[in-house]
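A, B, C, D, E and F label the chains in the order they appear, each numbered from 1.
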Amino acid sequence: MFGVTVRDHMMVAHSFDGEVFGPAQRLHGATFVVDATFRGDTLDDDGILVDIGRAADELRSAVADLSYRNLDDEPEFAGTNTTTEVLAKHLADRLAERVRAGALGPSARVTGLVVTLHESHIAWASYERVP
Amino acid sequence: MFGVTVRDHMMVAHSFDGEVFGPAQRLHGATFVVDATFRGDTLDDDGILVDIGRAADELRSAVADLSYRNLDDEPEFAGTNTTTEVLAKHLADRLAERVRAGALGPSARVTGLVVTLHESHIAWASYERVP
Amino acid sequence: MFGVTVRDHMMVAHSFDGEVFGPAQRLHGATFVVDATFRGDTLDDDGILVDIGRAADELRSAVADLSYRNLDDEPEFAGTNTTTEVLAKHLADRLAERVRAGALGPSARVTGLVVTLHESHIAWASYERVP
Amino acid sequence: MFGVTVRDHMMVAHSFDGEVFGPAQRLHGATFVVDATFRGDTLDDDGILVDIGRAADELRSAVADLSYRNLDDEPEFAGTNTTTEVLAKHLADRLAERVRAGALGPSARVTGLVVTLHESHIAWASYERVP
Amino acid sequence: MFGVTVRDHMMVAHSFDGEVFGPAQRLHGATFVVDATFRGDTLDDDGILVDIGRAADELRSAVADLSYRNLDDEPEFAGTNTTTEVLAKHLADRLAERVRAGALGPSARVTGLVVTLHESHIAWASYERVP
Amino acid sequence: MFGVTVRDHMMVAHSFDGEVFGPAQRLHGATFVVDATFRGDTLDDDGILVDIGRAADELRSAVADLSYRNLDDEPEFAGTNTTTEVLAKHLADRLAERVRAGALGPSARVTGLVVTLHESHIAWASYERVP
């Protein structure tokens, strides 16, 4: 099983709804350092699982849509806490869609996808799925 | 599959019994930077797998019980080499017990647990289990 | 010359005023991983430059005052862009005051102070001053 | 499930054949920081999965065979692009052979092997297999 | 004194001339993770030392000129070993020229420049100069 | 001004004498990831400040003398708390001696020396001196 990972980041504002979040119920923000891992069992004739340049471009495009925004104002997250877990799933779902659309090459080769969001040097979250 | 990780550390002394350990048979010590990952398939209504604050508290409590100690003197490790592997399992077992006790919220949600101990910039060990 | 560094972090929202900031003019946010370095030429009789526990407490207290806040709403930053540089100076000034007040032990021993704020894996800023 | 990881590195030159590689078709090079993870369900009587010293020696030996070389000139890679994925598999296969030969102790104990090659701070690739 | 740092990387091939280099006399390569730090005593009215976007662009441009190349073939390095120290100086000189040309804003504000090249997880080199 | 840094590590046991140390008065231990930086204004004809291989060897030798030991039992530290600051100075003094003895090449070229000891992911200390 091969895995290829690319890293990018995004900087967002948001607040959380629920007592469990304590002071994070206030409007605050985060830098998320985002790792996207593509997995698969075979390489193509060039010896690659995915074109790492295209993988990086797709990740950049996915994080750019959220970057420098207040996620509380984004319609797609209305009624949802944009926790690290939720954002990891959001980005993984978005990349999965791109994989299925063939944006990274033959979609059949990528059989798994993991997105990890580092919110600080002491906490991170991830979401793993099949494309 | 979601994963949430929190990081803490502990500083301990110990020695190892067995020729395989070479100079590490002498009393020495280590800083272990400890990562605890909680895994599960679903989020609760707040959009979280575990309350990251409680996860951090539980990890801190688990490492605090070993911190600033000579593990050679701890009864619970009598007759056991406190290798990085053994300590990873010890902490994972301890956290699993807390998960089952509901300390991190509904235990059914956490279906996997990984504890990784970084002993230096070039070596680390982990233990993975179900709670 | 000795140096002792402790690390903590804070998560804030803010926006910037000025065309130079491009999309960062919008309300967004950041995790700042904050390193505070204390410098001095001599150690005390215990063999320390500063009590690392107190240094960590002072840093935690300084970042806690900004954590989980929208800095655009904080009176002390009114009319000021809370850039990484500005926040590094803010925290260094705050810690310098605490050093002078003796909160870290005899202030004469700490002759320099550096605060570094990591805003992502590819950018950070620092401010250095005498206490 | 236990895992033990050791880290080393190698510095190589190579070029890639195929338009997908863009400027990387030119002769260039890379530092690969290499992590080798050994996995298994049980520890031996010493409390270890593998002798970490022997694991480090085997990894060093494996990367030494490629270090400070132009991989384009190495017969074993003739006709193959030495991408990060290919090199991860090459090193994993090499280590698997050593595990099976008993070089790290009883081969039955190591039931999984992962090799990860970090090519920069924003990209890495891995290969996972059973020994 | 303020400092602002941006990070990028480059992947190059090269060889060294001189017995002191041992196996590195052979054609090999390296990934250099490059940090460029700009220093100065004052901020502009926007609260910044340098426009971090322009700083990142200038660094990217500087490393792009060397990326995916065999430095042994570059005329500007003829007769020179492209050691990590030499490349750090090369990039710092290049950035200093750009600072003086006003590419990062008023050159008077940047009074110091440091370029650090990480060649592996266990070795790096830097060069510091005034612009 | 050039700087060249090499990294190694050591694992030691020790205890501290003094109420300021709290639980660290008990016998415990630490992994110290040790960075040694050599500074100088000029390169030799090979384009290097120091032979990085010899620098790494000297650092390894210096840390090896302390590794896998209980520093409370080492005569050279009798009556001294082996704090991170003290150990940073100890290693810097040791390396300075080696520089002066010509072990890294012409001592005149190295005009500064910094040793940094990382005791965890959130704390480190350094000592800087002329050789």
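As a convention for this text, contacts are C-beta pairs under 8 Å (C-beta built on N, C-alpha and C of every residue); 3 or more make two chains touch, one makes a residue touch a chain.
Since we're looking at a predicted model, the values are computed, not measured.
Among the chains here, which has the CA centroid at the largest distance from chain A's centroid?
Most distant chain from chain A: F.
Which chain has its C-alpha centre farthest away from the C-alpha centre of chain B?
That would be chain E.
Of the pairs C-F, E-F or B-F, which has an interface that repeats that of D-E (more than half of the contact pairs shared)?
B-F
On a C-alpha centroid basis, what's the spacing between chain B and chain C, in Å?
Chain centroid spacing, chain B to chain C, equals 31 Å.
From the mean C-alpha coordinate of chain A to that of chain C, what's the distance rounded to whole Å?
The separation of the two C-alpha centroids amounts to 30 Å.
How many angstrom lie between the centres of chain C and chain D, each centre taken as the mean Cα position?
Each chain's C-alpha centroid was found; their separation is 40 Å.
Would you please write down the residue numbers of chain E that are in contact with two or more other chains?
In chain E, the residues touching two or more other chains are 7, 121-122.
Provide the residue numbers of chain A that touch chain C in the complex, in ascending order.
So the residues of chain A in touch with chain C come to 7, 9, 11-14, 23-24, 26-33, 67-70, 119-122.
Residue numbers of chain D touching chain A in their complex, please.
16-18, 20-22, 80-86, 88-89, 116, 121-129
Tell me, which parts of chain A touch chain D in their complex?
Within the complex, chain A touches chain D at residues 1-8, 43, 46-49, 51-53, 56.
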